[in-house]
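Chains here go by letter, A, B, C, D, E and F, matching the order in which they are written, and residues are numbered from 1 within each.
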Amino acid sequence: MLQGINLACIRGDRELFKNINFSLEAGGLMQVHGPNGSGKTSLLRMLCGLSNPAAGEIHWCGTAIRSLDGDYFAAVTYIGHLSGTKDDLTVIENLCISSALAGFEISVDQASEALKYMGLSERESLPVKVLSQGQRRRVALARLLICKTPLWILDEPLVALDVMAVKLIQGLLEQHLQQGGLVVMTTHQEIEITTAPVMQLQLA
Amino acid sequence: MFGWIIKRDLLLAMRRQSDVLTTLFFFIIVVSLFPLSVGPEMNMLRTMAPGVVWVAALLASMLSLGRMFSNDYLDGTLEQMLLSPQSLSLLVLGKALAHWLVTGVPLVLMAPILGIQYDLPAEALYVLTTTLLLGTPVLSLIGSIGAALTLGLRGGGVLVSLLVLPLYIPVLIFGAGAVEANMAGVGFNAHLSLIGAFLLVSLVFAPWATASSLRVSLE
Amino acid sequence: MSWSSVSEFFSMGGYGLYVWGSYIVTFICIAGEILLISNRRRTLEKQYGLIHGVNRKRDSK
Amino acid sequence: MAINWFKYSSPASFYFLAGKMIPIFVFAAVILLIAGLYVGFFVAPTDFQQGEAYRIIFIHVPAAWMSMFLYVVMAFWAGIGLAFNTRLSSMFATAIAPTGAMFTFIALWTGALWGKPMWGTWWVWDARLTSELILLFLYIGFMSLQAAIDDPRRADKAGAIIALVGVVNIPIIYFSVQWWNTLHQGASVSINQAPSMATTMLMGMLIMVLASWMYSIAVILKRARVIILERESHTAWVAELRKKGAEQ
Amino acid sequence: MFGWIIKRDLLLAMRRQSDVLTTLFFFIIVVSLFPLSVGPEMNMLRTMAPGVVWVAALLASMLSLGRMFSNDYLDGTLEQMLLSPQSLSLLVLGKALAHWLVTGVPLVLMAPILGIQYDLPAEALYVLTTTLLLGTPVLSLIGSIGAALTLGLRGGGVLVSLLVLPLYIPVLIFGAGAVEANMAGVGFNAHLSLIGAFLLVSLVFAPWATASSLRVSLE
Amino acid sequence: MLQGINLACIRGDRELFKNINFSLEAGGLMQVHGPNGSGKTSLLRMLCGLSNPAAGEIHWCGTAIRSLDGDYFAAVTYIGHLSGTKDDLTVIENLCISSALAGFEISVDQASEALKYMGLSERESLPVKVLSQGQRRRVALARLLICKTPLWILDEPLVALDVMAVKLIQGLLEQHLQQGGLVVMTTHQEIEITTAPVMQLQLA
């Protein structure tokens, strides 16, 4: 489904990586490894279509993503280093609106449900700015429960999460993979996915 | 989608009512500063009035441009919008419209009262309000391009003014000109139709230009 | 008393618009202020489950 | 009168004390208002210069006085709250601001409505008018700042700083505006057009001033009570109030 | 410490020259907008000139207030400054001084040229520059209080203007007043000494008020 | 040396913790544990003197910190969720200036040394904004090599760091403790300090 062909990335006068090739099938997870600054975030942003590779092509279901445009975006959920939440809106408003903007209009009940799953049911109506670092992260990740797109691209989703929350996310990933979804992710923490084939991509 | 964006931005504005109010008060205060620095002679003030009100409206609208995208940018929402399957131009149009509703409309409503402070005659007040009504959406639309281009550049707040003010000048000239024409007893319809034309043109092109700028800024 | 009829009273020697304009706006402001406060209080009471009577009893004890 | 003031400086006891005092002030305000209006409209004679238009004075002057006075009081309480970290005084300052702003607005509005028939224009850039306008901005700045901060204790402190800076500036602003105005050829009109006011006029005005005082106190106490309830929601005594309410 | 703060802020300003330049261009553009909206009569323009230049300087200085602390706040540097063992008031004074060097000084240098555009006589130009030289530091100092108070409040950019503009008014009145007095052939020394007095008072009190505001804002 | 007495914290209408008591001696490490939103960051900010506890007192060498003020700040190094680096300055400028503001003026060589230790020697003269998330974090943490204050307060110092960097920090901590320093830290990741007594404080 998702293919990277001879990808290369240049930042400033530094070549971060080149000749990266991979092919990820439905139900597969790709973990991108590498020390700090090896280009993991840069690679993930390319895979989303947010930036263009210095060389090489990215294919989705056999078509180059740059020619797919909007259609490709409809298939991707990206959660990056930044959480994409509005400080002034409440937790539940944030979730409803960010889902709607991603093309999934949901009812307040559905949102409540998702937040409950993420352990935020008591904070539902607080503005995000008063939340703790880990709680903000959970609000961002709650989108995974709602945006049922085939491809998830997650940049260090586990940062700032406590042990409970890490388990939750692990469960979510397994479920998504079982339903034939694809996941590309990076993390410096250990994560064990046993139910699906895991591909390791090592940078630098 | 379009609806959601507007709804969200208005919600945000309501949550921070101060945003709406402060743009408005900025407008009021700037207009009130001029008599303080120029002196209280009414004749002089009356001649200056259309220019001052228009410049103040323009500055007020411009100052709030910073908020149009930058908050969304800083917290990553904008990234998500770019990844949304809907047309980005439409999204941007929604944001510009919301910006106008939040900043432009209050200015239009306030202008007649400020005009009274400068002792403008009733008909001139009416013309002033009409030109502002037609002109402020143009300011929001053109401004969105500047806001998108300067995104993420620290100090963008002032840079945006540099980019945007020259583009605002035609609107300013014809807006203030219409009122002056009216006060001088000349017809002002030509002025109005020109501003209308600006509005149409910017409605068509600005969202598209803004959308492309956003893509560039986030690359 | 300087008024010989009601209509004279309301016309205020030709300045009715200004005088009544002042008074009416003033009273609108006052009424608005009081209304706003009691609204704020009522939402609070609803939220807290305070019933007005109890509250009053408690106050005047 | 042996009141234990310390006892009433806690929000809880103040809440109940204020509850008892409000009716007194409301009563006084209503009586004085009626008396003032009666004197103003039915006893005071027509002004030989201004005709009936001068009757605006009965709200204009009290409003103008209250607007200035309340700012000082607000800054005083805010400053006390900042210096001694007493919650109640900060809440008081917060409660005063809207009333002060309202009086400022009324002074401006009635002044404008008075100016049109007297001076032929709604507004001139006279020193007194201008400083009143600036006062309105100061009030609004104070309120907007407090509204923009969610944490009430932070809002109190930030508000106190701006109120104090403002109160230092008010005389500076006032005198600079006055000087600014007189340096030029001066506005062709001045406000002091009623040098020898009829005693009944003066009476009516003074009664109305008293009425505004009573009204302000009542309204401010009422608002302070609401603010106390909002802010002290996690304390034991509010919880007790809540329980009492729920039982019935 | 004091030195380090100034050095750092100047370094940052140099890294983003656009910051300095854009404040300056904002000033120039606002001043140049007026003839466009008011009309080209020279007599009228000459009377307006001191007022317009002063209002523009005030707005330009005010607009750059946002950057004074907010960047430091967002990236956590300010937290570190509060934790520094040195006196916070001194640090704040350093930041205000740096702000003035970066935004105030260019305005002062530019003002005579803009005055020429409005056909001001030579002596008036000199007075204008002197008042700006004395007045702009006051703007930076008073502004720092507003900037510190609105820290972290979204939409603070406009809120800060609401807080700060009324406080700027005396400086504005005497600044523009001095030039007008000079043009009217009256002495302007009283004006200058008053602005000097404002400068002294704000030098003493503003850093302290700003430091307390910062502690409040970061609580 | 560092004592917390009956500390309580209220956020909004929620009481995060109360009656927290601890006493940390020279050479001791205190790890604050707790799920997301339990008040770890809030506690650490109190310990720095950035915010005031709703109740209780914090003592440093037997004196309440609120009466020590500047003297206390001279003894503390705090590194929080935010890294406190300026995007526009280069890595080395950032380090020099932030150290100077903390009261430690250093030469460029010393700064270079520290950056080399943190594995950033090649990026020394890049502006921080182009760095990766982990590299930014390293720049912030490089201050630990320079600011030789007795008390370190670290809020999730390991976030975004790769395995190598985590080891580095671990080494730094051990060294600091051996020299009689004190450390208060939070982290959701595992960290093993064997050379010093470790105190665990569990919130909620």
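Just a few scattered comments:
Here, a contact is a pair of C-beta atoms (placed from the backbone, for glycine too) under 8 Å apart; a residue touches a chain by one contact, two chains touch by 3 or more.
Because the structure is predicted, anything quoted here is derived from the model rather than measured.
In terms of the stated touch criterion, the partners common to subunit B and subunit E are D, listed by label. In summary, the chains found to touch both subunit D and subunit E are B, F. Taking the CA centroid of subunit F as reference, the farthest chain centroid is that of C. Across all inter-chain contacts, the pair with the most C-beta pairs is B-E. Here the CA centre of subunit B is 35 Å from the CA centre of subunit D.
Inter-chain centre distance (subunit C to subunit D, centres taken as mean C-alpha positions): 16 Å.
Centre-to-centre separation between subunit A and subunit F, using Cα means, comes to 30 Å.
Within subunit E, the positions touching two or more other chains are listed as 16, 71, 74, 153-155, 159, 162, 165-166, 169, 173, 219. Chain contacts: subunit A has residues 87-88, 127, 130 touching two or more partner chains. Contact of a single residue of subunit C with at least two other chains is seen at no position.
Partner subunit D is touched in their complex by these residues of subunit F: 10, 13, 15.
Residues 121-126, 130, 133, 137, 140, 144, 147-148, 177, 180-181, 184-185, 187 of subunit D are the ones touching subunit B in the complex.
Within the complex, the subunit A residues that touch subunit F are 11-12, 34-41, 81, 119, 123, 126, 130-135, 137-138, 156, 159-166, 188-189. On the subunit E side of its complex with subunit F, the touching residues are 1, 4-5, 7-8, 11-12, 15-16, 71-72, 74-77, 79-87, 91, 218-219. Those residues of subunit E whose C-beta lies close enough to touch subunit B in the complex are 16, 18-19, 22-23, 25-26, 29-30, 33-34, 36-39, 44, 47-48, 50-52, 54-55, 58-59, 63-64, 66-67, 71, 74, 153-155, 157-159, 161-162, 165-166, 169, 172-173, 175-176, 180.
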